[in-house]
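Would you mind keeping the following structure in view while I ask a few things?
To keep things simple, chains are lettered A, B, C, D and E as they appear, and every chain counts its residues starting from 1.
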Amino acid sequence: MNTNLALLLLLAPFLGFLFNIFFGKSIGKTASGVIGTLTVALSFAVTLYFFGQISVSKTPIQIQLFDWIQISNFKVDFGFLLDQLSVLWLLFVTGIGSLIHVYSISYMHDDENMHKFFAYLNLFVFFMITLVIGSNLLVLFIGWEGVGLCSYLLIGFWHKNQDFNDAAKKAFIMNRIGDLGLLIGIFIIGSLFSTLDYATLKTAITGATNLDLYWISIAAFALFIGACGKSAQIPLYTWLPDAMAGPTPVSALIHAATMVTAGIFMITRLNYVFDLAPDVQNIIAIVGAVTSLVAATIALVQTDIKKVLAYSTVSQLGLMFLALGLGAYEVAVFHVITHAFFKACLFLGSGSVIHALHGEQDMRKMGGLKKVMGITFITFLLSSLAISGIPPFSGFFSKDEILMVAFEHNKVLWFIASLASLLTAFYMFRLLYLTFFKEFRGTAEQKSHLHESPSLITFPLIVLAILATVGGLISLPTNSWLNGYLSPLFSKEVHEAHHFGTTEYALMAIAVIAGLVGIGVAYSKYIKQNQVPVEDAEITGFSKVLYNKYYVDEFYNVLFVNSINGLSKFFRDYVETTLSSAVFGLEKIANELAFQGKKLQSGSIGFYLFVFVIGLCTIITYLFLAQ
Amino acid sequence: MNNILNEIGIENYIFLSVILFSIGVFGVLYRRNAIIVFMSIEIMLNAVNLLFVAFSTYHQDAQGQVFVFFSMAVAAAEVAVGLAILVSIFRNLGSIDINNLKNLKG
Amino acid sequence: MSTILIIFCVLAAITLATAFLAIFSRNPIHSALYLVICFFSIAGHYLLLNSQFLAIVHVIVYSGAIMILFLFTIMLMNLNKENEVHKPRITRLGAIVSFGLICVVLILVFINSKPIVGEYITTGEDYQSIKVLGKVLLNEYMVPFEFASILLLVAMIGTVLLSKKEKTEK
Amino acid sequence: MNVSLILIILLVGAFATYLAGDKLASKVALLFSIASLGFSIVLLNQYNLGENINFINQWINQPNVSFALNADGLAIAMLLLTTALTPIIIYSSFGNEYKNAKSFYALILFMAFAMCGTFLAADGLLYYIFWELALIPIYFIALIWGNGDVEERKKAVVKFFIYTLAGSLFMLVAFIYLYQKAGSFLIQDLYNLNLTASEQLWIFLAFFLAYAIKIPIIPFHTWQANVYQKAPTVGTMLLSGIMLKMGLYSVIRWQLPIAPLAAKEYMYIFIGLGIAGVIYGSIVALRQRDLKKLLAYSSLAHVGLIAAGSYTLTIDGLRGAVLQMIAHGFVVVGLFFASEIIYRRYETRVIAEMGGIRSQAVKFASLFMILVLASVALPTTFNFVGEFTVLYSLSQINVWFAVLGGTTIILGAYYMLKMYQHVMLGETNAKPFADVTFNEATTLVIIVAVLFFFGMYPKPITDLITPSLENIITQINRIN
Amino acid sequence: MNTLIAIIGLGVLCLLFEIFEARKAIIPVTIIGLLAILGLDITDYANPQSYYNNMIIVSKFSAAFSGLFIILTIFLVTLAHKFYQNNQSKISDFIAIKIFLLAGAVAMVSFGNLAMYFLGIEVLSIALYILASSNRLSIKSNEAGLKYFLMGSFASGIILFGICLIYGAMGSFDVTEISELSRSAELPVWFPIGIVLVFIGMLFKIAAVPFHFWAPDVYEGSPALTTALMSTLAKVVAIATLYKLVTIMNADLSGNFQMMIVIVSMASMTVGNIMALRQVNVKRMLAFSGISHAGFMLMTLVSTANAAGTLLYYTSAYALAGIAAFSVILYVCKNNENEDITNFHGLGKTNPLLAAILTAALLSMAGIPIFSGFFAKLFLFNQTIQAGFIALVIVAVVNSIISVGYYFKLILAMYTKESNEVRTATPAVIYIVAVVSIVLNIALGLFPSMVLDLLA
């Protein structure tokens, strides 16, 4: 029963994918959209069932399907593990997935390849489910690469534009760099523990006495690199902003709510490994904090509405990694969930705006949309408040927990994180003000077409906004349902409710104040002073550095892309020809010898006989006189 | 009958023969007139014949001399064929200078 | 120095000298004549070695047949004049070098070799009269003798072949 | 029933094809190749039932040479690869018109014959003979039916022939040397030899030269790209799909067990060369202008990894190598066929002249995409299974090998996606591009299906090859 | 012995046919006669003994090689049918000379006395001089004949000198006696010098470096059929005789002597192959190829213990491939002034069968399996490695690689170039010879024991 249901859960989106690929075109756009949506919704329903079951029984469901890969010292099964973590993840993957599918029916309706879009989305959900419910690291890896593929396909969905294709390729390749790390981590774990299965691994680690901590640390670090790639952390984050080339629902689903959290999922999944590698945890924490700050600063000056959100996502993911690094896995998970709600809402909202403006993404050409796009505005506002950490919105609770944990461990990290949240509040409200307030700055033609989006678009917005508002309830500081739910996963005792003393309240207050300051500055700048970001060419000073994302892309280009291309050219033009001519060189030598030899073959009998005699004398001398 | 080689010594015949043979070789290399070259070859063969006879005496054995007959037969046959070739070249080229025969080379 | 040795030396000198002259003389006719003398001196050697029959055969075959053939050809080709142009130095050098080399090398080899056992065997048996030679030739060496005829036959056919006019090529 | 029948089928097929005449040749060839596939499946079945399908017969008394065919799991796996790819390749060529088709298809079958023989031979000399025989048909296929300028093609093909022949002749010398020691060419006798370390080294190197050129391992690869480019696509498929595997197979079957000491002693060097091939091939592939050349360099990279896996001397390495061989065989055939499909429409292989095909040929774009993804070893494709196992075995030797070898998944993705982007994506091409025909589609779909099936369920193959590989590992470890 | 007598009888018969104006019958009768003689030879093989005071020793070796010579002669005579089509008046002479040449060849491998050996080699040589210059009106043919004659006589002189020294040392021409005497401790130095001089003379005959210069010029200049004869039959005869000389006289194969053979062998292979690379005339190219093959064949002499079978195999493989190749060359070049590679352009299209045969022949010469050339090289290498001459084998291997370069030049010309002339129908004779010889070649490859065990 469970096996069948799990298969249904997994295969429903896959069937949707197949159906849409083969018949999507013929059955029409709406129908293909509906089928796509229904399959994901079906998965969601099954997830709900499993959620109920797990909540009650509290025992993970293990499903083995078949042997997959045989390694000398262990075997990898194709199997599923449905436990608290995976079901939780499934909930928002399929849940938000369903909502975004609904949204896309309308959003993508004008696109001629809509069936393909749904096919890819379904495929993505399929792979995401695989990633989450896999019972071992290799099945996770299937999903891991699979979602990367879908991300590639969807970023490059409008494949006629080579810039988009470049972005897609970049995303895939940077993901692959991480994937290599993940693979290395898998190799080390495999050879250390002779298993890749989570459950066995956990027993092996917790039961073992003398573990090879050195190699475990290396494994953990390698796995972390994998997570970095997928979850867009420094130094592998640059693909995520570029990934905004894809349609907005894609950004919402893949690049905000689900796929990019795979890294967090994986680290949480293997928390017992990471717990053994405190050095790596420190690195994770530092990387997370730095990423969150760097991304936030870049987000400050971006003018593309989706870019801002993208950097915001990077920044928020950084916060989650901070939590992971500090061992507060459940906090990170909490933030993943709330972030999924509000960021998905924000992206979908921005999509709604872009939809209304027929593809315009530059905030400098927006403004005043509050009046025409009421629902969008309100949901957007709620989500912005949530991300800015204003109570009682969900973001407040999750972010506050992170900050609190950070404060406990390291004040510097706390400061960085707080600064990042202050900046978050600022840029989010900058975005909000520039988009929805004041007068419309676009063309008249655009203005005449302004409209609120249809209900298929607003419905998911509303649902998500509600979730973004109330999502914090699942883990209140004093009474955390989430912590209890997840506790079987962690070897360490979950941080039970903090002793709520003055420090904690003070921290909370600081966080809120920081958020409010950010909002306030944005208000004064964009509402009071009525500023609009200047044109690209006029950006100067540090803003320019920020606007150009610290020139990291250029730096990477010079350091890696150009050098490798240069190397390729060098190899192609010089090394290959040299190697080739080395072989031909022998031929040339032989030919030259032949050419010289032909001169010897002069046709003169005298010469021939002369050589004859010389040869004869040499042989006789050698045989009889040389002794 | 006394062995005449007691008086002369087989070495002397060998040296004589070698020198004569070498003269033949020299002639083959030195001259360009094909007929003279033929003659030089005859000198070489005769040098060997001489040595055969000397060895025949040395061994007191008739076979060496018999071999000289064969050698002569061979020489005669070679000369016949060689001159026939020569004549036909002369008919074609009007010359028997072997230096003119360098069409085949390379 | 016994007379025989003196005779040998004289004959050897004649042989070598005429052989040289045959090669050096510019006129082919002269060459041929020198060569005839050379062959006669070689016949002298044969006589010295007491092989009279061979000496006679030698004179008949070489001086009588072969040299006549040469002379005939020379005259046929009208080569009885000094028509050979000056030889390039390299040719002469090569010839001299090979002459020297082959001479020196072979003589050195023989000198280096063990000296021959002093006593020359004298069986006293007749081994080179016509009778004995005939027996050896026609008993033991019957097959080679017959085969020599094949050799001559081939040479004959060949000569005819090379000189015969093709019927089709008129 | 014994295994020699498969050789007979293919040989008879070659003659029958030649006699069938130009019109029928392709069909007859397809028929015989399918028959051979069917027969190899029968063999597989018999092998699994434990029946004796080996064949041995004295051939030459002095020197002692036997006509010995030994079909163990490994050989049967390679046999299946050959007999499965041959019909696919023949079928795929139905879209082309070849002059003198009867010779063309006869040569293909003959080559399949020789390759099957190479995989089956259990006698060193017999093996060598098949090894060389396989070279001749491909030489003519590339020479006569190849494309591009005749002079350049000649140059490339002759270089290829001489180069590979050069390598294999040294292998022949090694075999003769071994024969002197063993008094027989039979593989078992060669395995049982007790050679000194220096003898092993020389023999290992002689084998290495042959295999390094065939596989190819850098720096012996210079023939590859040019020949792949110049050969007709069918030839390229045969070369890259099966023939390269002959070299890799031989490493496992002959080189390692016969000279294990040298293999162990210098393991790092040879693994290093393999990995250098991975990186070098990938980097060179980045900037290729010609589609087939690019695929050739990608092949270089992949086989480098396989070779590195084989030289780890671990069961994982060998198993991964074999799996990857099979997977690569299929995917590379698919990729070259894709390039042929483009060529049939655009008559060019220059990447710069392509682009914007996807919007015109959706089916083709999807199938091509899948092949590209399989080539970059996306999980669920067969290539992933192989690549994962190989990389795992490398990590067991030294984790840095795995890291460096693993760059293939980054660089591979880079050049393949770049290629795909410029070939298929972008603004709709002005030149019309008809979508795949039924023939083309079936060919690609079969390949894709195989890749996915074994990607998810490689167990049949793993189970088939593992006992033989374990045997080989035992042989490798016999001297310690 | 019977074989030899029968061959001579057949030769005389040929001449008689001329007298009786039965020219048309000459070739068929000769072929039938040769086939009968082949049967005779087989009985000889089964019944080895010596004849006429040891003048002729029929052994398995001599019988096997005689068989090979007879087969080659059959092919050559068959080809002659076409080749001398326009030369009917002389056909009996040509055929008779060829038959006598065969007699010389048989004498050379079955001699029991140096007199027979010398006469045999002279019969062979003189016949070849005649055949080389037999195209009387062609200056090239004349030149070839004269060159061959001059140098051949020179070499004969050397051989004669060598025989003389052997006689001087041993007092006998009988090889059995010589062999026995050579075992005694005290040997005059004349004997080894004599052996070396004879050896050098034979090296000239098989065209080994540095005595090879005549070969390309003579091959090129001679009429194609004669070239075929020289490169197949004559070379095989010479090497077989050389082998027999070295083995039967129990010559002292000291280390130095072997080293000399090794060096000559290496030099022949290398020079032959490298020089062949830039040739445009096919006959000339095959001449150089023949030089390199001579080097290969010489390898048998470094380990004479069991090399007879190998040598027989190698020579059969080489000669059959040569016959096949030359029959195609005869066809292609019959209307052409020269035998340049350009004449072969497009043969793959105009006459695929003959192109395939030529290809197979060249592949066999290059040593590609399954052609017998490969096995020949294999056995040779095997033997040589057994004798411990790995360096020689390595050089041989490198040379095999080089040789592919020029063999393929011809193959490429046939298959990649466009034909520049229309080729008329081929005479059946050429087809028959080409097909039979190449089939024999491949059969030898498939069943090497067939030949190998003859002299095991």
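The criterion applied here is as follows: a residue touches a chain if its C-beta (ideal position, glycine included) is under 8 Å from a C-beta of that chain, and two chains touch if they have at least 3 such contacts.
Since we're looking at a predicted model, the values are computed, not measured.
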Neighbouring chains common to chain B and chain D, by label: A, E
Steps needed, at fewest, to go from chain B to chain E via touching chains: 1
Least step count from chain C to chain E, where 1 means the two chains touch: 1
Most central chain, Cα average position: D
Label of the chain whose CA centroid is most distant from the centroid of chain B: A
Chain pair showing more contacts of the two, B-C and A-B: B-C
Most remote chain, CA-based centroid, reference being chain C: A
Whole-Å gap between the CA centroids of chain A and chain C: 102
Separation of mean Cα positions, chain D and chain C [Å, integer]: 70
Centroid spacing, where centroids are CA-atom means, of chain D and chain E in whole angstrom: 42
For chain A paired with chain E, centre-to-centre distance based on mean C-alpha positions, whole Å: 77
Residue numbers of chain C (touch at least two other chains): 91, 94-95, 98, 102, 106, 109-110, 112, 116, 140-141, 144, 148, 151, 154-155, 158, 162
Numbers and ranges of chain A residues touching at least 2 other chains: 587, 598, 601, 603, 605-607, 609-610, 613-614, 616, 620, 624
Contacting chain pairs - touch in the sense defined above: A-B, A-C, A-D, A-E, B-C, B-E, C-E, D-E
Chain B partner contacts - residues on chain E that touch it in the complex: 114-115, 118-119, 122, 126, 129-130, 133, 136-137, 139-140, 142-147, 149-150, 153-154, 156-157, 160-161, 163-165, 167-168, 171-173, 216-218, 220-221, 279, 284
Chain E-touching residues of chain D, taken from the complex the two chains share: 59-63, 100, 103, 125, 128-129, 132-133, 135-136, 140, 143-144, 150, 153-154, 158, 161-162, 165-166, 169-170, 172-173, 176-177, 179-180
Chain E residues within the chain C interface of the complex: 8, 11, 15, 51-53, 55-56, 86-90, 93-94, 96-97, 100-101, 103-104, 107, 113, 115-116, 119-120, 122-123, 126-127, 129-130, 133-134, 136-137, 188-190, 193
Residue ranges of chain C in contact with chain B within the complex: 2, 4-5, 8, 12, 15-16, 19-20, 22-23, 28, 31-32, 35, 38-39, 42, 45-46, 48-51, 53-54, 57-58, 61-62, 65-66, 69-70, 73-74, 76-77, 79, 84, 87, 91-92, 94-96, 98-99, 102-103, 106-107, 110, 116, 120-125, 127-128, 132-133, 136-137, 140-141, 144, 148, 151-152, 154-156, 158-159, 162-163
Chain C residues within the chain E interface of the complex: 109-110, 112-114, 116, 139-144, 147-148, 150-151, 153-155, 157-158, 160-162, 164, 166-169
